[in-house]
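The following pair of complexes shares a single chain, subunit A, combined with subunit B in the former and subunit C in the latter.
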Partner chain A sequence: MVVVYTIYIFDRHCECIFYTEWNRGRSPLSDDSAGRPKSGKGPANTAHAIDRAGTHLSGDAQRPVVWPTSATSTAHRVSPESPRNTAMEEEAKLVYGVVFSTRNIINKLNAKDGPQGGNPGGFMSFATNTYRLHYFEAPTGVKFIITTDVSTTSMQPVLEMIYRNIYVEYVVKNPLFNIDPHVSTPIENDYFRAVLNNYIREISSNTAAS
Partner chain B sequence: MEKQYKTIGEDAWKNNVEKVNAELFIFTYGSLVVQLVKDYEDYAAVNKQLDKMGYNIGVRLVDDIMARTSLERCSGFTATAEVISKVGFKLFLNVAPSVASWSADGKEFSLIVDDNPLNDFCELPPKAVQDGLWYSNVLCGVIRGALEMMQMQTEVEFVRDVLRGDDTSEIRVRLLRMLDEEVPASDD
Partner chain C sequence: MIHALFIINRSGGLIYHKNFSQHIVQLSSNEALIFAGTFHGIHALASKISPAPKRDTPRDTGIQTIDTKNFRMHCFQTPTGIKFIAVTDLMQTQLTGALGKMYMLYCDYALKNPFYNLEMPIRSEMFDTKLLQLVQAH
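Then we have the complex of A and B:
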């Protein structure tokens, strides 16, 4: 039984282009005090972004919240007053910092470090008392991070599957997704979200997978 | 090593690729070029546009290759050349150009495309040949875009083309520099 908590996807520019969560008690996205503008100031706030993400495609009320959207992303903020979820931005930055440094030190200890990055040292996961973080880096530099319960040891096949069959199919091959190699764009494709959500559900309920 | 890439390319081509009718593809490409020529009325601009389109295709295709094969990052530029020819070209065009004419410093090579499928059914008007249209210039852009995603900045250009009366088609690939991975912006 795999319990998945969160997924982060970072692009080549160290920007979080996708985040979603399941079974996570308290998070910057659900936390009321975090990052939302005071009520009444502008209709488009974080809650609006979540609504947008949560509707469409299926009547499933249990769709997880996602972040960022083009309304909240740092790179594509429409105007300076657009809402931003500072706590979430902070968290994404910290997560990136942790995996980036961990990967680098592992590469270094393996004497495989270089300015081109990559994951030749084979950083796969680390664990704490409460969760385990799994890491996968595509050869093109896109980084996939998933956190699960501690007892789930190998999520590498899952992360590769997400990259090969979900990310490439629904994001890279989506002509509407702006893949300009110099700018970050958040993933807002509803199909991607739906397929990813279904897949995570599937592995969560499948006892054989762990 | 060379053998190994060949096998990877062939396996992926056989098992993992949806095929599309070649003629449909070739004619679509042909009409695209014709339309560009009409729009720009200048062959140099058409070359540039094709290269740009190819670039945008390349930055996506490279992920597709990685998803269909289990290749890792190449250890050197020699390996890169082999992968482009034996895996890249094989997967998408079902040809495997030969790699030739390495420069002394190992940063430049040529891809000899003997049977470029895009050239089928195509004949260039003398004016186009004279003004320097590289009919398959999109391929250069694809290679350039794909390599940039793998942290290699390159210059790619056609130097010979059967359609212009040369005895073979040759694409020259020049490695300018390796790009460093971006590091997160510091907070202070």
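Then we have the complex of A and C:
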């Protein structure tokens, strides 16, 4: 059984153009070592887990484990309005930084004077003791990142499938898609979101997939 | 098959680096230092961006393995913060045992050496030979 936590899509300008989450237990950038938050009253607070001063996120924003309907998932679009979204943006930058650096050191170990860009080293995933992060880079430089539970080892086909059959079909082929190469546009396509949602739900309930 | 070993001290400095095969690029000392610093950083950040529910696992300890097309990296962090990073082939799924033995070698031939300065590069012939034996036996 695959437990999917989050999906990030970054364009080639290093901008996070899409973010969504399922089953997520921690609020973005909650301090791991801080222990339980003093202001938190248990797992009731779901959407805006900020403390009274409104400056940082408390450590334990529990979301009920439900699939986001299109209504709830719209609330998680990366936009700078709420402090939670600011924390998400910050977290997205960290995720990008980690993935970018990992990819670069792996490229270094693979070929002495290889090409600088892209993913010639074939960075696929890394695992900590609590989650696994899977990485897929399209030839155009669009990066797909998915975090799952530790035991899910191979998500490359899934990421490729998301790229080929969902991203290209619903985002790139959309006539309203902004193809200006100098500007990054967040994905705000509800069809894309819905199809992605369905697909993730499908692979999560498929017990045959490891 | 272990291709290479890096040992990183707790401030992110490289204290040991050795390639055991030609499978991966032999990094220059400068590149190896950059590798150590970068790995130290991503190791720390990876635990910060954990999305997993807290109730299952109380604390994220940072990167344990990195999978790539050609090799796999295993990281073992000691309680004192020293990181042992081994680059292996894709067959190696678990390397905690071998990395633990390397930690023992480090304790025996680096730490117990009265001339060894903590956090400084390991230059010990005994350590080199014992490590090579361990890698070949593996």
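Heads up, the rule we're going with is that the second predicted complex is superposed on the first by the 148 of 210 C-alpha atoms of A that agree within 3 Å, B and C clash if a C-alpha of one lies under 4 Å from a C-alpha of the other, contacts with A are read in each partner's own complex, and residues count from 1 in each chain.
Criterion: contacts are C-beta pairs under 8 Å (C-beta built on N, C-alpha and C of every residue); 3 or more make two chains touch, one makes a residue touch a chain.
The shown structure was predicted, so the numbers you read here are calculated from the model rather than taken from an experiment.
In the three-chain model built by superposing on subunit A, subunit B and subunit C fit together without any clash.
Within the superposed three-chain model, A:118 lies in touch with subunit B and out of touch with subunit C [touch as defined at top]. In the superposition on chain A, A:109 makes contact with subunit C only, not with subunit B. Of the two partner chains, subunit C is the only one that A:130 touches; subunit B does not reach it. Contacts of A:24 after superposition on the shared chain: subunit C is touched, whereas subunit B is not. Comparing subunit B with subunit C, more residues of subunit A are touched by C. Judged by the touch definition given at the top, the superposed model places A:168 against subunit B, while subunit C stays out of reach.
When the two structures are aligned on the shared chain, A:5 is found in touch with subunit C, with no touch to subunit B. Superposition on chain A leaves subunit B and subunit C with their closest Cα atoms 14 Å from each other. Note: residues 97 of subunit A belong to the subunit B contact set and to the subunit C contact set alike, using the contact criterion stated above.
Remark: subunit A residues 12-14, 93, 96-97, 100, 115-118, 120, 138-142, 163-165, 167-168, 172-173, 179, 181 touch subunit B in the complex. Residues 4, 24-25, 27, 31, 34-35, 38-39, 41-42, 45-57, 59-71, 87 of subunit C are the ones touching subunit A in the complex.
Listed in rising order, the residues of subunit B touching subunit A in the complex are 56, 59-60, 62-64, 66-68, 71-73, 145, 148-151, 178-185, 187. Interface residues of subunit A, counted against subunit C in their complex, comprise 5-6, 21, 23-26, 28-29, 32-33, 59-60, 62, 91, 94-95, 97-98, 101-102, 104-106, 108-112, 121-131, 133, 147, 149, 153.
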